[in-house]
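I've put the structures underneath this note.
Two complexes are shown next, each including chain A; its partner changes from chain B in the first to chain C in the second.
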Partner chain A sequence: MNITEKILARASGKTSVSPDDVVFVNVDKVMVHDVSGPGVMAVFEKLRKKGMIIDKIWDPERVWVAEDHFVPAADKISAQNIVSLTNFTKQFGIKKHFKYGMGQYGICHTLSHEEAMVLPGEVYVGGDSHTNTTGALGAFAAGLGHTDVAYVLLNGKIWFKVPETLFFKINGKLPDHVMAKDLILKIIGDIGTDGAAYKTMQFGGTGVSEMSVESRLTLTNMTTEAGAKSGIVEPDQKLRDYLAARGVTKYDEVHEDSDAQYEKIYEYEGSEMEPIVAKPFSPENTVVARDLSSVELDKAYIGSCTGAKLEDLQAAAKILKGKTVKIRTEILPAAMSIFRKAMDQGLLKIFMDAGVVVGPPTCGACCGAHMGVLAKDEICISTTNRNFPGRMGHVESQTYLASPLVAAASAVTGKITDPRDLK
Partner chain B sequence: MEPFKKIKSIATPLDKVNVDTDQIVPKQFLKLIQRTGFGQYLFYDWRYEKGTPRKDFVLNDPAYANSKILLARDNFGCGSSREHAVWALDDYGFRVVISTSFADIFYNNCFKNGVLPIRVSDDILQKLFSIKSEIEVDLETQSIKADGIQVSFHIEPHWKKILLEGLDDIAVTLLHESEIVRYEKSHKT
Partner chain C sequence: MKGSVIKYERDNIDTDVILPGPYLKIHDYAELATHAMEGLDKDFHKRVKPGDFIVAGKNFGCGSSREHAPIALSYSGIKAVLALSFARIFYRNAVDGAFLLPIEIDESAYKDISDSDSLEVDISKNEIQNLTKNKVYKIKPFPELIGKIIEAGGLFNYKP
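Then we have the complex of A and B:
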């Protein structure tokens, strides 16, 4: 069995499973945030109206809560939303609620790894489509709708159809001017936004073992944009070191068998990769960054669970050091722990010296909610994950998706810029 | 949920690919904790301009006012996992969405809310887009009938049972998980 099949077999108490089998699995961790939390509350309300008594959930210790989409509250209804979420966690005795303005908080998918909320070999589900991100920690991680999350909160179980696995084998290290973001955009451009529908995307090969855990998280994060059920990377020493640095050393890793099967294997040569940009209005709309050097921009955005981890900020700082931005530029670290490290490493000074606004962790403008959304006809280069119409603001604004290196280089020139071409 | 048997209706043609859930229900309407009333926000940014219905958007065409079937293009329901997207379609009156492909989470969310998503080939979808008369969707026989067309569609057996009987997925799975696994196994193609 491959790693995904083995995790699902173990979690369902079976010795073996195959693609298309329906399995009921025991869930290890569940996450809700300030969009799915209220969604789950609405489902609970519906069930109560039908006469169901809901006064407790399955296991409050295995549930954690993030505030990310609508913090800081931009209006009264957002503020009320957070109050509702807080009442929900109090009512059901959920202790792990990362609250805005109270120490560590941030984007749910970033907290999942920064706080080691999910461990290798676990089954993790969340009320958000980018839950796939956490598969880079060697876990089965998948997003669910509100009814499914409500079901898991009540029962601790969920059924899955065992997905087929597409294996992406990356041979050799990526060049210095190329990031994991470029690679995943390239892959999505090749297979399309439904190229991995209902499937798992597994990443391996020497290119992936050479990569940091944060880079791997960028790959699994955007498996969602290829329609994947989940994304996964097999655990290795780098992952163990990453988790040990967060105080976690005990977990039950799952490794694939020597005869593991995949539906298909795709191979990429790391050294041949180039900076890639996805044009509006789809993540599959990819071209090499150099082909877009005439595109003039209004804004650069470095944020989100995809593109505001520590190494993303370090990459941006490498470009912005000693430079001044030519367009409106915002950098929003994805969690407070990353914000602090950026401060300790002097990155914030580099950003501010360059004229950039540095803001608090939030999904903010990535999902077009608040904190710097786009006006009609504005054009943005962004380290985020989606560029559908209206994603970051007005339905007639445009978003180009890129790596932090490309976004920072473009901020300096005001046009889409390959970092190699920055003088 | 209302049992789903047969739906006969004019189909609303939404001729766009990669329609993501943010277009189905824009994020500004997610901060509500009730489950009902989302129909008024369905495709809001396409449907309205400064609060006034846009004449060029298909939902505002009176010909489709009572439509229960939505025709969509590839990868419908991609993007955010928000279940509000299905709540809005259902609340507006759509009980069937026909496309060549759907995003995974959206597809699953449909069944939990009494909406039937149907995958068809490119050819069939193209034909359905060109038909102006009513289309009949029969879940029992898993067939679509329209002017000059009769095709069958696939649906996982337990989803069919849930829709036909109007069962609530959460209630069903609470009681009958082993049954679902058996049911799927016995009907595996």
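Then we have the complex of A and C:
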């Protein structure tokens, strides 16, 4: 069996599973945030109206909560949702609630790895489609809706169809001007937004073993944009070191068998990769960044679970050092722990000297919710993960998806810019 | 189920257009319905009638996990979406929450069905009758577990 099959077999109490088997799996960890949490509460209310008594959940120790989509509270409704979420965690005894304004908080997927909330070999579900991100920690990680998360909170298990696995073998290290974001955009451009529908995307090869854990998280994050159920990377020493730096050394790693099967293997030459940009209005609409050098921009956005981890900020700082931005530019670290490291490493000074606004962690403008959304006809280059119509604001605004290096270089010139072409 | 068709001849209709991001903070199902399809079709909520079907291309409901999407369609009156294929989270949200039926149709049915056609969908026979065009289309049967969850009326009513 491959890793995903082995994790799902173990979690469903079977000796083996095969693609297309439907299994009820025991869940190790579950996450809700300030959108899916109130959504789950609405499901609980619906069930109560039908006569179900809900006074406890399956295991409060295995549940954790993030505040990310509408913090800082965008308006009265979102403020009320945070109050409801707080009441919810108190009522059910959920202790791991990362609250805005009280130390560590941030985007849920970023916290999942920054705080080592999920460990190798585990089954992790979250009320958010980018839950796939956490698969880079060697876990089975998949997003679910409110009804399914409510079911998990009460029963500790959920059904999954065992997915086929597509294996992406990356040969050789990416060049310095190329990031994991370019690679995953290239892959999505090749296979399309439903190219991995219902499947797992596994990443391996020397290009991935050479990559930092943060870069791997960028790959798994955007498996969602290819329609995948999950993304995964086999655990290695780099992952163990990453987790040990977060105080975690005990977990049960799952590795693939020597006869592991994949539906298909795709090979990419890492050293031949180039900076890639996805044009509006789909992540599959990819071209090399240099083909878009005439596109004039209104804004650059470096934020989100995809593009505001520490190394993303370091990449942006490398470009912005000693430069001044030509367009409105915002940088929002994805979690407070990253914000602090960016401060300690002097990155915030570089950003502010360049004229950039540095803001608090939030999903904010990435999903067009608040904190800097786009006006009609505005054009933005963004390190986020989606560029559907209206995604970051007005339905007639446009978002180009790119790496932090490309976004920062473009902020300096005001046009879409390959970092190699920045003088 | 009988109803008329609202057809969107396009692939990858994503959750950002089915229910745009700014409304994610809303959890009142009736209010969500007033914003259904707002990113694609401003007139949808004026046009939709109880029992209507949406017909669309492949990968319907791709994007975010927001259950708001099937909720908004369901509370607008949509009983089923007939599409070439569905994105996974939209599909399971629709079924597990018993909001609407995600029905996979084939290319010929997709081409043949026109906007405003009157359809009768019978999942026990796995077929759709086009009452306007006097034609019958086969639909892909639901996988076993999905069929059982639909029959039970959602995941919470299903006993494994």
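Note that the second predicted complex is superposed on the first by the 423 of 423 C-alpha atoms of A that agree within 3 Å, B and C clash if a C-alpha of one lies under 4 Å from a C-alpha of the other, contacts with A are read in each partner's own complex, and residues count from 1 in each chain.
Definition applied: contacts are C-beta pairs under 8 Å (C-beta built on N, C-alpha and C of every residue); 3 or more make two chains touch, one makes a residue touch a chain.
Being a predicted model, the structure only gives us computed values, none of them experimental.
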item: Clash-or-fit label for the pair chain B, chain C on chain A; value: clash
item: A:K186 touches, of chain B and chain C: first, second, both or neither?; value: neither
item: First, second, both or neither for A:A197, with chain B first and chain C second; value: both
item: Partner chain in contact with A:K229 - chain B first, chain C second, else both or neither; value: both
item: Touching partner for A:A74 - first (chain B), second (chain C), both, neither; value: second
item: Partner chain(s) touched by A:R62 [first = chain B, second = chain C, both, neither]; value: neither
item: Touched partner set for A:L144, first chain B, second chain C, both or neither; value: both
item: Contacts of A:K6 with chain B and chain C, given as first, second, both or neither; value: neither
item: Touched partner set for A:H97, first chain B, second chain C, both or neither; value: neither
item: Footprint overlap on chain A, comparing chain B with chain C; value: 22, 24, 35-36, 38-39, 41-43, 47, 69-70, 77-78, 81, 127-129, 131, 143-148, 150-151, 159, 193-194, 197-198, 227, 229, 282, 367-369, 386, 388-391, 395
item: Footprint of chain B on chain A - complex, ascending; value: 20, 22-24, 35-36, 38-39, 41-43, 45-47, 50, 69-70, 77-78, 80-81, 84, 127-129, 131, 143-148, 150-151, 154-155, 157, 159, 193-194, 197-198, 227-229, 281-282, 367-369, 386, 388-391, 395
item: Residue numbers on chain B that touch chain A, as the complex places them; value: 18, 20, 22-23, 26-28, 30-35, 45-46, 74-75, 78-84, 86, 101, 103-106, 108-109, 112-113, 168-171, 173-174, 177-178, 180-181, 184-185, 188
item: Touching residues on chain C, where the partner in the complex is chain A; value: 12, 14, 16-17, 20-22, 24-27, 29, 39-40, 58-59, 62-68, 70, 85, 87-89, 92-93, 96-97, 143-145, 154-156, 160
item: Residue ranges of chain A touching chain C (in the complex, touch as defined); value: 22, 24, 35-36, 38-39, 41-43, 47, 52, 69-70, 74-75, 77-78, 81, 127-129, 131, 143-148, 150-151, 159, 161, 193-194, 197-198, 227, 229, 282, 367-370, 386, 388-391, 395
